[in-house]
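Please go over the structures that come below.
There are two complexes below, and they share subunit A, which is joined by subunit B in the first and by subunit C in the second.
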Partner chain A sequence: MNLHLFAILLFVLVQPACNRPDIENLEPVSDCQDIFPDYKEVTIPPNIAPLNFRMTGECDRIYIVASGKNHKIEKGFSGNRIIFPEKKWQRLIDGSKNDTVKITICVNRAGEWTRYRPFSVFVGEDEIDEFLVYRNLMPGFQNWNQMGIYQRSLRSFKVKTVLDSRVMPGTCMNCHSFAGNDPVNMVMHLRENYGGTLLFRNDRLEKISTRTDKMFANAALPYWHTSAKYIAFSVNRINQIFHATGTNRASAVDLRSDIFVYDIERNEMITSPLLSAEEKLETFPCFSPDGRTLYFSSADMKELPGEYSKVRYSICSVSFDENSGTFGSVTDTLVSSFLTGKSYSIPRVSPDGGFMIFTVSDFGSFPSFNPESDLYLLDLGSKEYCSMDVINSDYTESYCSWSSDSRWVAFSSRRMDGLFMNIYFAFIDKNGNARKPFLLPQKDPDFHDSFLFSFNVPEFAVNKIGTNPYRIRRVARSKASVQVKPESSH
Partner chain B sequence: MKNQIKKRKADGLLPGLLFALAFVFFCFFYDHHLFFSEQLQIFMLTSDHFISCLSKPAFLSSWTGDFLTQFFYLKGGGAFVILITSLILWLIVRELLLKTGYEKKVNLPSIIPVLLTWAALGSIHYPVSVLISFIMVIAFTLVYFRIRTERIRIITGAILIPLLYVLAGGYFWFFTFAIIVHVLFRSDEKARFIYIALFAVIAIIVPLLLKGFYLLTAWQSLTYLSEMTLRSRVIDYLPVISLIIILLLVFYEGKVKRQDNRSVLLVLILPVFYVISGLCFATNTDFRMEKILRLDREASRNRWERVYELSKKYGMRNRLSAYYTNMAMAKLGLLPEKLMEHYQPAATGLFIPVNADEDFLTITLSNEVYWHLGDVNSSQHAALLGMIFSPRAKNTRLMKRLVEINVVNREYGVAEKYINILAKTMFHRRWAEARRLLLYNEEECEKTGWVSEKRTIIPAKDLLRKEGEYRLILELLIESNPGNRMAVDYLLCFDLLDRNLPAFVDNLVKYYRSDARLSLPQVYQEGLLISIASGRNTPEDFNQYIFDPENIKRIAEYIRIYDAHGGDGRFLEKDFGNTYWFYYHFAVMKQEKKGKNAPEDRITGSS
Partner chain C sequence: MRAKKINNAELLFLGIFSVTSLLFFSLFYYHHLYQREQLQLFQITFSYFLKGLSLHGGFAIYLGEFFTQFFGRPVAGASIITAMMVILQQAVKRLLFAISGRPGFAFLSFLPPLGYWLLLTDQFYYLSGMIGLIISILASCFYLSVRKRGSGIISGILLIPVVFWLAGASYMVLTAVIILAEFLQKIKRLEKSSADPSSGVLLLYIAIALITPLIARKLFFADTLLQSYISGAYYSIRIFFPLPLICVFASVPLVIILHAFMPEEASLNKLSVAGSVTPLLIIGTFIPGLLYFSDFKEEKRIAYENLVYNKQWEKIIRKAEKEQPEDRMSMVAVNLALACTGRLSSEMFNFSQDEENLFLPYERRGMTPFVAGEPFLYLGLINFSQMFAAETIASTPDAKYPVRAFRRMAETYYLNGQYEIAGKYFMILSRTLFCRGWADQYLSMIDSDKEAFNDTLLKDIHSLISEYDFFYNDQQMDIAMRYLLISNPQNRVAFEYLMAYYLLNKDFDGFLHTIGYIKGLDYNKLPVVFQEAIAYILTITSETPEQLMGLTLDQSVTEKIMSYAELFSAGREDTLKFRKEFGSTYWYYLHFK
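So, the complex of A and B:
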């Protein structure tokens, strides 16, 4: 009996060693080309979940050595998937801040080991915000059925449901937004069944009816003021139109749009003629971090929807006085569509106030529908802007958000296959230079093979959202809602 | 002894006959429903798929049910699966009744839950996984009954209630009720009411506690059967309810030990259940939809002659049948000749609107016509919405269509994603691997008939349009490829069915051209003649067309009767009911009700 036990123990101990290739004596044959997701030479934060990946070709076994400054992971895998142990991974990257982790892959095919030249992953010093909140819905147009807003821990693979259509069937949920990346102040919209705007402030959740008699629709596309006393909204009348051919499947047309700012304490919607002109389309508001400027996209009104492909948005700004809740009398144009013939949308300013990222497409304000859409970066000091070539692809790049320390951005892109939107992260240094982006890590590298939902509206969060789907459901379904008032004289 | 054997044989004859009938029914009379059920799911023998089942109650029965449902793809596969699983159900119910002390003619009461299950299976929303759940909960009930020590039995019951909820979903209520009835009638312990309360509390609390994990509403969590059955109906629970009632009677009679009453009760209750089963079967099966699904299946194989033959044979009057009839006629070049020989619910017989007001079934089918017309982007839009509204957001048939669309559009990355999924299935693998050869391979695509053919008829230039602007896209298709005869016929018939004569005349003159004088198809002649008769046009406007003298004679007669009776359609219906003139004057579309047993659409004759 003891002999049997000893034999089993010996087998268990010796077996992994048998599966370990003789790495030191194997000559690297080439660069490792075939990994998915492409994590080669990316820059990652020191608190990101394991970058699990797979070899795209056939292989029987894989042996991997990931070595950092202080720690090393050596592990063999059967099949083609590399799944790092979470604790060891955290130790590895935590001990490799401002340094590289070198990953050496040996692949066994039909009993033969092949070693590839190692690739590096640079571990930055700057941590990324703990959570990412995003929406999952199936790619399609006009209608929806299943969707949800989820909160993902970026340090691990844990996902918490914020709201899901399984809990609120028939309800469209969108535009979750936090004040300064802190979900202690959160707003989100519900449409169709139990529609309304949900405002979550300091653990108090209430439903508000944002439409006043001076607005032609409910508020949408929110952006919080730094003080958390105001939320800028866009009010849109949106139609979807479809393309007869080509990769541009659909477009969302803003038939009319204005910008309003919700004064939470006064429960009033305020605006300015500069933000709600009849002859202009104003949308996607964004406050500067000091709260003194409101940026937005603005275009001249055209005959819609016929002339939609001629609608081009500029990035403009107007000053805002937080104390009086009033706007300046002049609009500045930061990036002009008249000069370039391009359309600029979704301005997002870094929390340190240094840079703005926005989308550039041929027309329109909803870049997720435009395959040519790219991200550009504007230096708010020099007012110069350029394409973020390192992070752009041949497919759509769209919604972008900044981490609270301004060093990381999360953006959505269809680059994986042209249809499904996914979330990527990129490091932005103090001079505004971007590094190669990486895909939101998933525990299973095969995750995207069978996942039929898109990820969109990525928003960083520094804390967990303090509510749950059933509480949201209860409030959303209640008849009690706060009716927002139109602007009174301040 | 001989009499006993005869009685046993007679006792077993009815179930045997019913099983044979059920197999024949599901194999030959309801097979298109089963085939369609297979398309609404996707079973991949991967760990991912297994793990995805864990995100809902009834994970084991769901997984097993999905595994078995994939065989519905095969001819007779669905019927065979239902036969075997329901046979197991019957045997296990029989065993349960024997175990509880019921011995007289056990075959007859034990067939009742099976009959009700067959009735429930008549709906797409009751998948075979629920039948598996039923078998599982009865099996666990038998295990429970076999435990002799009361204390161990009670503990086992308390453990099995939550376990069964996780494994088999809402049918765990059967186990809960069965063990409560067992304790009530078979236990003499003073604490039995405490045990009953304990079981009831566990059964109520467990689903409510797990609803957050499964993301269900309270009611959904208590009644969850499958992803296809999010809103459970009474009929979905009738198999379980029937067995609970039978068990209750058996236990009660065992308790009071009145043999006479036993037979009286069962004699009374069994016929009631047989009648209920029959009624459920009659109300839950949908033969109208079965016919439509048959048309759809034949159409998916491009067997248009067969579609047309069946359409004529069925003579249905609803927009889905009209949709397939019109498509078949267009494919066979018969649309403008025979349009009015078939039921036409205005233009909804040409295109199915794609919006949230439609049910998932119509949205699933709506992409077909765009695909055949060459409007692949609209087909994609409809297919994506079909996926979105599919009860499980996965649909093998629509995935295949999306592969085809994206190969035609050279969007190989998208096509590859769906191919990779299909390649992990047992029965769609071969199809997927054949399409994989087309990816990123223009030469192979050019050699493949359906790809090159479709690429020649897709619109040559882009156009922005709103949902439902059918005329715009048909015109674009024709301008891109004047040889697209189906698009021309669809446009002209759309104008006619929309009763837009000016548009019809304009489009006919524009797109129906020839150097020589042209003999027009029947319905186009009728359209032009009524345009002339109404004074919109003169005969000289259409000199380039040859009219059948018989048609000219007939419209004169039509106008005479129309005028003579003050436009009363009843005097025209007999002789002119199949003309466009009659449609033009008298067609009134009545709202089609959705769902089973809805009356057929009608074109009324009132003016």
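So, the complex of A and C:
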């Protein structure tokens, strides 16, 4: 045999052995502190994409052993990034349901291997909804030149464009919402170029014009009724103010807001004096899973925008009769801002009806502008609520969405750096206890270093969205749109 | 002998072409080119290269951005553009030779580069577009060089989608050249290429050219139909149909046709009619075209933006002294330069002013100019400066990241103590060729001594930040500047801006209310503009206002206002005389603006 060939063969055979540290005989020096994202001791669903991560310090090589109940991944990496093979990862976590995966990291620096004490990732039994739909937008001020709504497979790293600025330049797209996490019924708004509301129902896509002569603006912030026959909207007039100093660069102020419910079959916008009072600001509607209650945030009107920091919202509710499309005559206050001096917004009820999560901030209804904003959990049975300390951070926590089985939540948070909003998932057990959240996994652990967009409005979806950007564009650009009518006396 | 003459003529022409281009872009279009560099953020990383390749037209974009990053250096931009145009001309010449088999002076080959020259006088078009065109012409030459029929067809089938992916829209030029070359070879019965494909194959080429973008937009990206064919390599505002670009593309097949049907003497004999008329015709069309397409006014405006970027305050003032700026943005730059050199209070009325010349408004239309946030930075209003930088980033028509605004974002977040966010911007900037060293310094400061400022300007600005919060309101900028002064009475830039604001708005109450701050600032004497305002106030008040006690006016100002009053009382009709004698006084502004 040619000597060179022999040398190459020998090198190839011996190389892996050289790269593998003698783990068994290496004493763990300490806990592994320096990984990003922080996936230590998190609880994950058995159908989540690989939790790729990196060591934040300098290292030449990494050797990792991830061992579950039935499978193990052992792999060496040059550099500081750990990228799990997708199929092996799925086998590993599939076989470790209701158990832990232990991850042992050995790091080679300047030829010396260091072994850290392993950390665990608990794999729950409950699967997370297959898809997550979110919007990417730069955390700017008022301008934007690029945004998009995307559908991410949570089992993998595949991302599909629902609609973005490449397909519809100059159009602002927002507020995607599904009935019961199923995108067979979807609504989303377009603003500026080709503005309107797009309604996708049972494979029929149409553009509707939501503003009636009884509304002062177009409908926004939708929430579907369980029956998929109604969509609750709020109608807002929003102003932004920009601060001269401090790290909180802007605040959003709702100058006026009301709530309307769109009766899809009758093509009518209905409301109640309890939802559209002059002296009140009502926003962020949310139906209960049984469809009999409409929750919303409500605040007393102030002198705006001057007194913007005195506007505090309570979580209120009003009954709703699905058959007649009528509201009750009394408003209940579930969480009162008058008692606590805090502002409560974006109520979201778990599909099993057990809990509600909402945001708590010092003032206002747009928590994404309030760094102090946290998520709280209300037990709808006992009506007691508390801060979700396990999942809150020093930075903004904002929009939250429940998975269809009520065991997982996705929420947005600026905790990574204080500016860019990212999506985190947390497990919520049957008693409402949350576990340590984890960041939406990305294929490349360095992804966030150069990604300059925020992830807004995370919404779970049990299926793929049944339309495509070109069809949405075609319908959005068509002149024909259905004009919603004001309430008739039915 | 004749061939030598031809070579000499060609070299001479190429030389004139190159020198003219070099001079034009370096002398008359330097600031345009420099701003092109600020409008992109080219990163020297492998992942950035891969990201480029993942887009259709991305290879041309990558190369275009690579070369554009040097445009900030004097003459570099002009040299690169000139070199690219020469490469394009040589490639077209080679293509003509490959098709016709005729050597000689192919003057027509200058037509596509001249067309691109015109395009590049508009910021709307990219250098990457010319690179895309070069790629497609080189690919055409490669196709024509393939001799075997089978290989020729395969190379045609492969080249169209490959060039589509690498270079975007110019693959249409390749397709047109392939088809045209094949037809011409048949028609003119020239030496038959063994690659000579049948009509069916030519139809297949057309089908591939039409279908490739449609398949790609279905499988690999979501984009509009127009952009699926064109890609992002050519121009910045995606919604427009680029007719001039199509004309330049069309010039390639046009040149091939003209060259093919031009008498052979036209390319060989310098005395032939066609050979002499063609160059004259092209030059005669190009020069008026260049004058028509070039925007020298815009060049002057951009020059101010670039000088502000480099903090060349004296140069800005000298430039404005030579020629009064005509637009608001340039005047904002001039006033900033005056304030930063402490001369706003003494020289502002040497220039034509109005009340809108201190700040640019916050508008959601078009790209937010770089200059818009600059006065705020030097005043100490770093959040507003950051706001404008963020708006610039979010309003570029092509959604590319402008490196200049990125720098400002990084600096302002750093000044605000938001080191994690600043670090993200510095990290991205550290991957560029020309900001690397600067960004690395900040990154190491973030890791070690965050409070240290090795840039004294940033240190000074940090000391100007207001203690009090208030909101941005472009209708009440005086309130913002007053807060700054209350917070830091030593903020001389804020004082000069506030006083200028009052004077430009003819608000004497505000002026009197603020003049007292001058005592705490290091003025050697009362600035002339203030003296003129005070002299005027004294003429309309019966008693000297309390705020003006202890402030003395120069004899010359007192005498001058008396002459002004004399002329004024004689009548205001002769505005030319007023302008000539008192044009640079506050009184002239007060009464005639």
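In this text, the second predicted complex is superposed on the first by the 478 of 490 C-alpha atoms of A that agree within 3 Å, B and C clash if a C-alpha of one lies under 4 Å from a C-alpha of the other, contacts with A are read in each partner's own complex, and residues count from 1 in each chain.
The definition used in the following text is that a contact is a pair of C-beta atoms (placed from the backbone, for glycine too) under 8 Å apart; a residue touches a chain by one contact, two chains touch by 3 or more.
Every value quoted in this text rests on a predicted model; they were computed, and no experiment measured them.
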Clash-or-fit label for the pair subunit B, subunit C on subunit A | clash
Report for A:P273: first if it touches subunit B alone, second if subunit C alone, otherwise both or neither.
-> neither
Contacts of A:G381 with subunit B and subunit C, given as first, second, both or neither | neither
Of the partners subunit B and subunit C, which touch A:P469 in the superposed model: first, second, both, neither?
-> both
Which partner does A:P85 contact after superposing on A: first (subunit B), second (subunit C), both, neither?
-> neither
If you stack the two complexes on chain A, which partner ends up touching A:G140: first (subunit B), second (subunit C), both, or neither?
-> both
Regarding the shared-chain residue A:G57, is it in contact with subunit B (first), subunit C (second), both, or neither?
-> neither
Name the residues of subunit A shared by its contacts with subunit B and its contacts with subunit C.
-> 138-146, 161, 164, 166-167, 169, 241-247, 249, 416-420, 446, 449-450, 452, 468-470
Subunit B residues touching subunit A in their complex are 44, 46, 48-49, 212, 215-217, 230, 354-356, 375-378, 380-381, 384-385, 387-389, 393-394, 406, 409, 411, 413-414, 416-417, 420-421, 424, 458-467, 473, 476
Which residues of subunit A touch subunit B in the complex?
-> 138-146, 161, 164, 166-167, 169, 239-251, 305-306, 308-309, 416-420, 444, 446-447, 449-450, 452, 468-470
Subunit C-touching residues of subunit A, taken from the complex the two chains share | 138-146, 161, 164-167, 169-170, 241-247, 249, 416-420, 446, 449-450, 452, 468-470, 473
Quick one: in the complex, what on subunit C touches subunit A?
-> 43, 47, 221-224, 227, 238-239, 362, 364, 368, 381, 383-384, 386-387, 390-391, 393-399, 401, 413, 416-418, 420-421, 423-424, 427-428, 465-472, 480, 483
